[in-house]
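What follows is a group of structures, each given as structure tokens.
The following pair of complexes shares a single chain, chain A, combined with chain B in the former and chain C in the latter.
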Partner chain A sequence: MKKKNSISKDYYGYIFIAPFIIIFITFILFPIFNTLYLSFTDARIRPGSWRGDFVGFDNFTSLLGDHMFHMAVSNTWMLWLFNFIPQMILALVLAAMFASTTYKLKGANIFKAVYYLPNLLMPVTIAALFNTFLSLHGPLNQILVGMLGIMPEARNFGAFALDTRIVVIFLQTWMWFGQTAIVLVAGMTSISPALYESAMIDGANQVKMFFRITLPLLKPVMLFVMVTSLVGGLQMFDIPHLYAGQFGNPDNSVLTVNMFMNLRRSFPSALLGYSGAISVLLFLMSSVVALVLFRIFREPDDAKVKKVRRVNS
Partner chain B sequence: MTQNANSYLIKRWIIKALCYLFFIVLFVICIGPVYMLLINATRNTVQIHGGPSLLPGTSFFENWRSLSALGIDVWLGIRNSSIVAFSSTFLTVYFSLLTAYAVVVYNFRFKKALFVFVLAMTMIPANLYLIGFFQYMHTLGLLNTFIPLIVPAIAAPATVFFFKQYLEGSLSMDLIQAARIDGASEFGIFNRIGLPLAAPGAFTMGIFSFVTAWNSFMGPLFLLGGNQDLHTLPLIMMRMQGDTYQRDLGAIYFGMAITLIPIIIVYAIFSKYIVSGIALGAVKE
Partner chain C sequence: MKKSLITIALAVTFAVVMGACGDGGTAPPATPPAGGGTATPAQTGDTGTAAPDEGWEGNLRVWSFTNEAEVIATAFRGLNPGVNIDFQMASMDGGVFQDWVTLALAVGGSDVPDVIFMEADFVRSFVLEPGMLADISDLMPYANALETIPFTIQAGTDDAGIIRAFSYQATPGAMFYRRSMAQRYFGTDDPGQLQPLFANLDIFVDSARQIREISGGSTRVVSSPTEVYRAFLPNRAQPWIVGNSLNIDPLMLEYMTFANALRNEGLDAEVGQWSPEWFDAMRDQLMDANGNLIEVFSFFMPTWGLPFVIYGNAADYTHGDWGIIPGPLPFQWGGTWLAVTEQAANFELAREFVRFATLDEDHLRNWATGVYTNQFLAAIDPSVPGDLSQGGGDLVSSARLIRELTPQFNDAPTAQFIGGQNPYVIFGEAAMQVSFGLQQGTDATIGDAFIDAVDLYITGEADREGALTSFRNDVSIAVPGLN
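Now for the complex of A and B:
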């Protein structure tokens, strides 16, 4: 009787997941296929041309020869790489300090909370704020020229390609190092203390333990951080768009792939098919690189760990 | 021997001091710009041009009035952003929990396959979806309405995944069976047992979805670009940024402060939940 009762309730499963499934198919899955479809058409934002005609691989072939696309791709990679490397090093150092059982530093929770704060702030505001800070008469010039006297005259940071890139890279690092550090701390604290204890008995010092125990065991977490940062970083849009304008000026120095996609979508170009093709290529690029990273950094003993986990669960 | 112990203690003290110094430098780098922004929101343009200050001024309300005079309607932005952020957060939390509850409590066909598929979809970046979504919303006549920013919140695969893990650890089938015997409806059981049990996790997830929706820029730019009456705070800030060089700096700092203050207050109160939430999501992978 009881069993029959519980079986008869199982159809509620379908009722409960129905809203999710319906919205998922109509508002997420369908638009993804629609982007794919549009990337093979000449659709434009113009009365009567929103659907466009099928043009085969035309958008893709012209993209591969598009100088501005090449520039956007290399900008995006450069901006990601130069923010990811210092961010990872900083986060590793911080995490090692936070997780240290020898020094037992106090206030870790407060510092973690503050380091994560920039991630929660509105990117538009961050970009506007630094624009104001770095303007010709802004506080940075006031400090460097007036108060410290380091520079003879105010520098218009926004007018130099290199300065603009450095600011965008700084802002990306500023926004993300806290999150990376927190994730790494969680990974480090899950390493068994017994390993460190026995190493200490064998006379290993802190530095040795960090390189011989912590780093190797942290590899899966670091790989996770790297892949999520890569997939997210190649989508970079808000900060460069808002700090340096929609063209990423000067000289398109911080024009990213997504900004280029937005440029082609908005007026006067208004090319839907072409910008769809940009989205598809960006997606392919980030997926391929993410898969390659998994292949390279996945160690043979990962398989063993998985097996053990399976036996345990 | 004592000398050795002493030098060990001194070395230890120096290392600790260096660590704290490092922490404090980063602390200042993270808080400094935000602090300066909040301070400048209370100073007038003349004072701001005069140089940075550590102490607040007295022009808070003056800046407030000048911002409205610039024709930048921050309150409209707050209203629009609140509508979008609160409703999408509510939909994400409620329906993700409902979906996860169904996967944990009931047995139905294709459940596993469905779940694997949904999980795979969390890996696809939003960028692939935007162009197709934009054109599709145009076809449906929904561009320049809030609907495309709110309704898709019902289907949030990553949140479903989080709640599934959460409920598997906290939900007891005996409790559900007992409620059934008492004659409660299945939907009633979800609302009265499932929801309260998941409340702490729902709270953490709610904060994350709220912050994401509040700060979101690219979606509103694509979908609301044509109707200034519906512009959310980020879009209004973008228009205001054009004024950075010409007009009232005090007012502009005030406008920037308005976008940050709600987030800073929420974070000051709930930072514990938020910080623990970040690690939860990541180490499970």
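Now for the complex of A and C:
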């Protein structure tokens, strides 16, 4: 009896972690390796061919030579960069205002909540809303042409490639700047106030303190924001798909990598192998860039400190 | 004791999870087959199947994208109380239903539907793909007796002439026009006199110009060229894919010219189908950016568009001010087909279900005449949803029944809505004109790409060649491997 008890104590640990391990293996680890495997096959969701035959690097070479895939990749990068840069600037300015100990902004929490709100809306809602808002006979044209008379005639914003890109970039920025600002505020409030106090005593102004104290100490948080935004941004799908249709038209102006993959994977093509290869390429792309970001953002001192420690020990 | 229980629970959980993996992890959002809902393959031969005198017995899995399937399934159980139907539904939006069914049929195993419902957009993909749908050609005698409308059979016939799907309805289209506007611009609202004014594409454009001239541009002939797009499809000479190449039929090039004329001469309202403005136009509430009223003369809609789209949205605003004519080209839009899957556990029963749904005279008559009210269905199965019912008026797939039932719809609410015309007469005639033979499995995707390309052309974003290049690009993504 006693012996049994002492054994089962070790057992409890496994029981507690079992749900996580099982879920992790089933829904994360297995799909990742399965995707990798599928990317080397010609699997298709059809009777007799859903397991597929091994085709080596065929999917990859065909993708890398496909000019529409190139377009999807460059669109994705373009859409991410042009939404991330303004989003980061906007979020930094807002976060600096929210976190500032000297301004003590009134109702900061209300502003934070309002800025965060777009993120709570479903992409479906946002896309439908803006489709209506920007349509030829829609509210925006009614305001610009009818009420204010700024534009001579109504513009069908959805019909032009550049307009569509601007709208998608705007929507991404608008949906995510609040979230980014809140993360940055959290980072800023964790910076010791003593640093600002001593800087103020030395006569530094707000701008100087922002660039000399806030930004450098915010680096780890910025890195976090950048990497998560990058990973999310390269997987961009819902807004362009819902706003501009499955091909990201007009003229594939907002066709992203994930939309390309969706066209290959879904009915009637149902090409699992191809889609696996696209996923793998997307994964490689985000990994490489994330690693580069990690290198750039590494504290310059870290390396030195390590070296010194190594020498000392 | 407790510990061993936990161990067992863990082991069972693990086994279930791994078992699901072994199956390919493909369980779609279906309910587990608990509670006796499963079909046992052993039943097929002897016990499960038919003694038609006493009604059928057995288990059936029916998967559908429309809840019309639940009405039919309930009616079927009313006649065959011994049949147990496990009914599952998923949306066809974004291809969810199609992905779900193809995955189940591809992987096989125990969770495979016996009967599936298919929409016009994807019925050809299933019919033409080997290994998915069973041969039910032997139901043809029933179809011959009912004079089933040819295009509905065409849709279910594969390239070898084997019939794999039937439909209970026919969904031909017509041109819905506004009587008051017709009176204003053509001096008559009589369908017989208006049809010659829209009888072919050239005359159509001429009449559209006349509407624009007289109205001073405030009335447009259609919401957008896309409205007429479907009328071109069945009248092509060749399909989209010939051999292994993308083929653009001369008629589709003519569509580009037609669309360009409508847009650049200011003949359409530049309003997309299904947009809020499109519904506004049916209610005479469409305003341009300056707040001026824009009227739309006509809408191209199929049978179901009358009760569900136009009547449903405009009955309170423009009741009785509508009329229907065949328009420039015969066409069809939507429709639902049924098939038995190749992997069906109980083929005989599944085929009987399809026969009942699509080729049973009494059932089709009930379907068309509104017999399947909620009370009727609830009497068979009290657990059916409170809003499940089938109103009268759907155009059934049997030409013989259409002739028989036509007088019943002379005074239907929808007939009053369209100025006293009997929709069964117009649609019944249109149904015989339509062809489905050129439709292929990838037509829906290719069609979307073509409509986008034409938009590119008529807004001036690309010239004709540029638009066609963009079209080929889109198709190369969705249907790779074409020359």
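As a working rule, the second predicted complex is superposed on the first by the 290 of 313 C-alpha atoms of A that agree within 3 Å, B and C clash if a C-alpha of one lies under 4 Å from a C-alpha of the other, contacts with A are read in each partner's own complex, and residues count from 1 in each chain.
By our rule, a contact is a pair of C-beta atoms (placed from the backbone, for glycine too) under 8 Å apart; a residue touches a chain by one contact, two chains touch by 3 or more.
Just so it is clear, the structure is predicted and the values come from calculations on it, not from any experiment.
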Practice task
Figure out whether A:Y116 sits in contact with chain B (first) or chain C (second), or with both, or with neither.
Solution key: first
Exercise for the section: Could you look at A:S192 and tell me whether it touches chain B, chain C, both or neither (first, second, both, neither)? Expected result: neither
Practice task
Please work out whether A:T61 is in contact with chain B alone, chain C alone, both, or neither, and reply first, second, both or neither.
Solution key: neither
Exercise for the section: For A:S74, select first, second, both or neither according to whether it touches chain B, chain C, the two together, or no partner. Expected result: neither
Exercise for the section: Check the residue A:W50 against both partner chains and state whether it touches chain B (first), chain C (second), both, or neither. Expected result: both
Practice task
Identify the partner contact of A:F30: answer first if only chain B is touched, second if only chain C is, both if each is, neither if none is.
Solution key: both
Problem - In the superposition, chain B vs chain C on chain A residues touched - result: B
Exercise for the section: Using the touch definition from the top, say if A:V145 reaches chain B (first), chain C (second), both or neither. Expected result: second
Exercise for the section: Jot down the residues of chain A that show up as touching in both complexes, chain B in one and chain C in the other. Expected result: 11, 30, 50, 131-132, 135, 137, 142, 146, 266
Practice task
Provide the residue numbers of chain A that touch chain B in the complex, in ascending order.
Solution key: 2, 5-6, 9-14, 16-17, 19-21, 23-24, 27-38, 43, 50, 93-94, 97, 103, 105, 107, 109, 111-118, 120-125, 127-133, 135, 137, 139, 142-143, 146-147, 174, 178-179, 182-183, 185-187, 190, 221, 224-225, 228, 231-232, 234-235, 237-238, 241-242, 258, 261-262, 265-266, 272, 275-276, 279-280, 282-283, 286
Fill in the blank from the handout: Within their complex, chain C touches chain A through residues 3, 6, 10, 13-14, 17, 20-21, 24-25, 94-95, 98-99, 102-103, 105-108, 122, 125, 129-132, 270-272, 275-277, 286-291, 294, 342-343, 441-442, 444-445, 448-449, 452, 455-456, 459, 461-462, 470, 473-474, 476-480
Fill in the blank from the handout: Touching chain A in the complex, chain B uses residues 12, 15-16, 19-20, 22-23, 26-27, 29-31, 33-34, 36-37, 49, 51-52, 95-96, 98-99, 101-103, 105-108, 111, 114, 118, 121, 123-136, 138-139, 148, 151-152, 154-155, 157, 160, 177, 180, 186-187, 190, 211, 214-215, 217-218, 221-222, 225, 233-234, 237-238, 240-241, 244-245, 249, 252-253, 256, 259-260, 263-264, 267, 271-272, 274-275, 278-279, 282-283, 285
Fill in the blank from the handout: Within the complex, chain C is touched by chain A residues 8, 11, 15, 18, 22, 26, 30, 45-50, 66, 68, 131-132, 135-138, 141-142, 144-146, 153-154, 156, 159-161, 245-247, 249-252, 255, 260, 263-264, 266-271, 274
